[in-house]
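What follows are several structures.
Look for chain A in each of the two complexes below; its partner is chain B in the first and chain C in the second.
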Partner chain A sequence: MSFKVLVFPGFGFLFCLAMLAEWIDRRMIARFQGRVGPPVFQPLADFIKLLGKEDLLPTGVNEKLMAALPLISLAACLTAGMYIPVAGVSVNNFEGDLIVVLFLLSLPSLLYFLAGWSSIGIYSILGGNRALLQFFSYEVPFLLALSGPAILNSSWNITDIMVNQSTSIWAIFVLPVGFMLAFFGLIGKLKRDPLDIPKAQSEIVAGPLTEFSGRKLAIWHLANQIQTVVGIFLLVDTYFGGGVIESRLATFLLFSFLALLILVSLSVMSAMYARLRIDQLARLGWKRLIPLSLLQIAFIVWMGKGF
Partner chain B sequence: MSRFTVPIGPQHPLLKEPLSFQLTLEGEEVVDSVIRLGYVHRGIERLSEKRTYIQNVHLVERVCGICSHVHTTTYCMGVESLAGVTVPVRGLYLRTFFCELERIHSHLLWLGVLAKNLGFDTVFMYAWRDREIVLDIMEELSGGRVSHAANVIGGVRVDINDSQRKTMTVSLKSLSQKITDLRNIVEHETNFHARTRDIGTLTAEQIRQYCIVGPIARASNVDVDMRRDVPYNLYEKFDFSVITRSEGDVWARTTLRIQEAQESIKICLQILDSLPPGAVAVRAKRRVPPGEVICRSEAPRGELLYYIQSDGSDRPARIKIRTPTLPSLAILPDLLRGINMADVSAVVSGVDLCIACVDR
Partner chain C sequence: MTSTLIQKVFRWARRKSLWVLHYNSGGCNGCDIEFLDLLTPRYDVERLGIRQESVPRHADILLCTGPVTRQSRDRVLQIFTQIPEPKWVVVVGSCGCSGGVFQGSDYVLGGVDQVIPVDLYIPGCPCRPEIIIEGLIKLLEKIE
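Here is the complex of A and B:
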């Protein structure tokens, strides 16, 4: 058990994957933009460098809270990783763990808002407000989109949803729109371009993280990277049946391929689009995506599957 | 909702040059703004009175980091007309060649900055990569990528040989293709439209009221272009069109600048094609007869004006520089009022400020 928690598919594995995913992402975006991009150890070097930097905070902030926020964020992402099967292997599972994982994955966004609010900086507060507005725009379609495969497979256990799909049909073939919504929600959740509205550099410097430095900033970045990996795995497990087929090796290869595909799609989206404005995102979310995700739920019910 | 003040600048990721805004916000809406200038004031006008005409060529080049050549061109035009010097035709062709290269360079740089401020890093990287072609040409001819020191009083100090002409024609044609690609990207990206359409709109009335010049005026359907209106540097010999648009928003300015860069490439290709033989410069006397002159030219950002007064010595009595971006700065508080905080970046980049020019 402790091997599973600490090494595979637990913390150590997630940490290495987070570094690798960041490298692939940065490298891909660089290639799309006609640049060379960083070498493979660059994310690790950045992480170590940030750990060693001076850790400054503005006077008057609650220092304990500021130190706790990135750690809670990281812990939430790592805990979510425990319930998500990697190539068919998960640390733990129980009926209803999808709901727990969705909650744990939304926690960093709320902590991100709190970080902005407690930083007492103008840019941080503006960024925090935006983070909260963004949260309400992407989180609802994301939740509804991920409940699609759960209803389809009559289970709220991620492992069951995954195993069930390996004997029937991948959810993406039944619910392609749901996958699009979940993918969009993931971009919003990770605050990547084009939805990097809460940390829009040319407007509010670095948003809620403006006042963070050193170790705390390193942990924020690590939490975000692990959230990226966990989010991608969640999509693979729920919409592609975790790539589970008979042979272990084939499962591993298929799972890696699917995860890589989603990661590269995220990079393509980053390179392709300009940043949206927060009111444009809210309009898009509430007028288009949420009705669409409700229609999708209605579609599943109409198919006579769930309930 | 309570009001609060957001400082932008003098150091801020939005600004590439030191300038300071104090934006008063209500929620995300900007209700008021205060601008502070003077962070890069170098006293160039006063300094120029202490230096000789020849030294001043290098001094006025440092007014601006982007349109350095057009400053020396305008200055030299003024001094030459005071001193009665006639520049050889080949020299004028080469001056125009540099002016147009600089326009391409400035417009691409601006497109990159706008894209970066809208969170569109890909276009930023593409525009600045393609700009390298122009910088390489200028470096090959003059040795400098940004400050070329190409002008002297009486002509230019650079020359093009036949093999350079051939390679430059090829690279300018490839640049034309790349700019077309950039235009396609910008025209087909929906988020870019959403962030620039109807943002920072200026009417022709406002343009006239604030004496705004250059691409911003042309994007609001005010048809001014010094190259056509008061031809200098043999511009009347070249075939190019002055582009205007009627929308007057940031989107119109973007497409207008991309089209203008294409027109500039057209002029450059004509110059390379029909470069006459002969000398590139004549010797001018150190002393300039007494008198005064006003000369105007079309800098990448609009009309540039030099007033030069001579008292007959080898130093000017007074030089006054009016740069094109000062009036666009004056209208910024009007443009910023009532917009969303997120649009500040689009509006500020949209008016294409050159703080070094404004402060001098």
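Here is the complex of A and C:
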């Protein structure tokens, strides 16, 4: 059990992947901008340096809460990682774990809002409010988009969804729109560039994380990176059937390729698009994306009747 | 034994990852433009792990440009105390080092070292980006 928690697929494995993913992401963005980008150990150096820094907090905040928030966020992301099959290997699974994983992945956004609210600073509170508004705009389409493959394969177990698709057809070919919605939702969830409204650097400095420093900031960054990895794996498992084919090696290669593809697409989106305004995002979310995702569900149900 | 190893790891990390907070304490904006050049494709200091941050609490280095005016004195002090230890102060530009062309003015206190301790002076009016990079690398070697 402790091996599962500490090494695979728990902390050690996800930590290494998170560092690697951050490096690939930063390097890709730098390349797209015509720069060279950071060396491979950069995320690790940043993390260790932050661990060794002084831990300052503004006067008047609830210190226990401020210390607990990043830890809960990290724990939620790590727990979600326990239920995600990696390269066809599923360590834990039960019926309904898709719902649990989706809940655990949405927890950091709420904690992010709380972090802003409890750190008593004008920028943090503004950022927290924006985080909550953004949460309502992307979360609903994300949930509906990920329930598409679940209904299609009539199971709420990620492993079952994955295995089912390897014998029939990948969900992305049936539901390309659903994949787009899920991808968009993932960008919003990770607060990456076109949707980095809650932490918009040029408007509200660093949003809810403005008052965090040292160890707490390191854990926030780590939680966000692990969330990136888990989110990408979730998309690969539900929409690409986890890349499962006969041989172990081929599955591993295909899975890595697909995960890398999604990661690079995320970087492309960050490098290409400017930030949306919060009202633009809310309008886009509620007027376009949610009706679209509902239409998709109707389409699946209609298709199920047709067969 | 283990403690020296841990110290070594931390020293390595500190040398490889510097987050810079940039503050104009009263200069003419010339040095600020030169500093921003560091982030462009031509110089790209992200190679060296240097990154611009916008919050004092996340930063390691306070990079000041320009002399300290009476107006900005309190702000420099406040920003400096908000940066968590270990921290360093770098002054860019002649007038940040000594007051430069603004020396003797009624509204200027002088160089940045009149208000906070400075670790590195980079003179020039304005200094070229190459010199700023060289200065930052000198600072990296000093870090323990």
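Things worth noting here:
The definition used in the following text is that the second predicted complex is superposed on the first by the 303 of 307 C-alpha atoms of A that agree within 3 Å, B and C clash if a C-alpha of one lies under 4 Å from a C-alpha of the other, contacts with A are read in each partner's own complex, and residues count from 1 in each chain.
The criterion applied here is as follows: a contact is a pair of C-beta atoms (placed from the backbone, for glycine too) under 8 Å apart; a residue touches a chain by one contact, two chains touch by 3 or more.
What you see is a predicted model, and the numbers here were worked out from it, not measured in a lab.
When both complexes are overlaid on chain A, the residue A:Arg26 reaches chain C alone and has no touch with chain B. By the touch criterion defined above, A:Pro39 lies against chain C but remains apart from chain B after alignment on the C-alpha atoms of chain A.
When the two complexes are overlaid on their common chain A, residue A:Ser106 makes contact with neither chain B nor chain C. Of the two partner chains placed by superposition, only chain C is touched by A:Gly52; chain B is not. In the superposition on chain A, A:Ser155 makes contact with neither chain B nor chain C.
In the superposition on chain A, no contact is made by A:Ser267 with either chain B or chain C. In the superposed model, A:Asn224 lies in contact with neither chain B nor chain C. Contact with chain B, but none with chain C, is seen for A:Pro194 once the two complexes are overlaid on the shared chain. Using the contact criterion defined above for the overlaid structures, shared-chain residue A:Ser137 touches neither chain B nor chain C, since it reaches no partner.
In the superposition on the C-alpha atoms of chain A, the part of chain A touched by chain B in one complex and by chain C in the other spans residues 33-35, 201, 205.
By the touch rule above, chain A contacts chain C in their complex via residues 26, 30, 33-39, 41-42, 44-49, 52-56, 201, 205-206, 209-214, 217.
Every residue of chain C that touches chain A in the complex is listed here, in rising order: 9-10, 12-14, 16-17, 40-41, 44, 46-47, 49, 53-55, 57-58, 60, 82, 84-86.
Those residues of chain B lying in contact with chain A across their complex are 4-7, 12-14, 25, 28, 115-123, 125-126, 129, 189, 191-192, 194-195, 340-345. Against chain B, in their complex, chain A makes its touches with residues 29, 32-35, 122-123, 126, 129, 193-194, 196-197, 200-205, 271-280.
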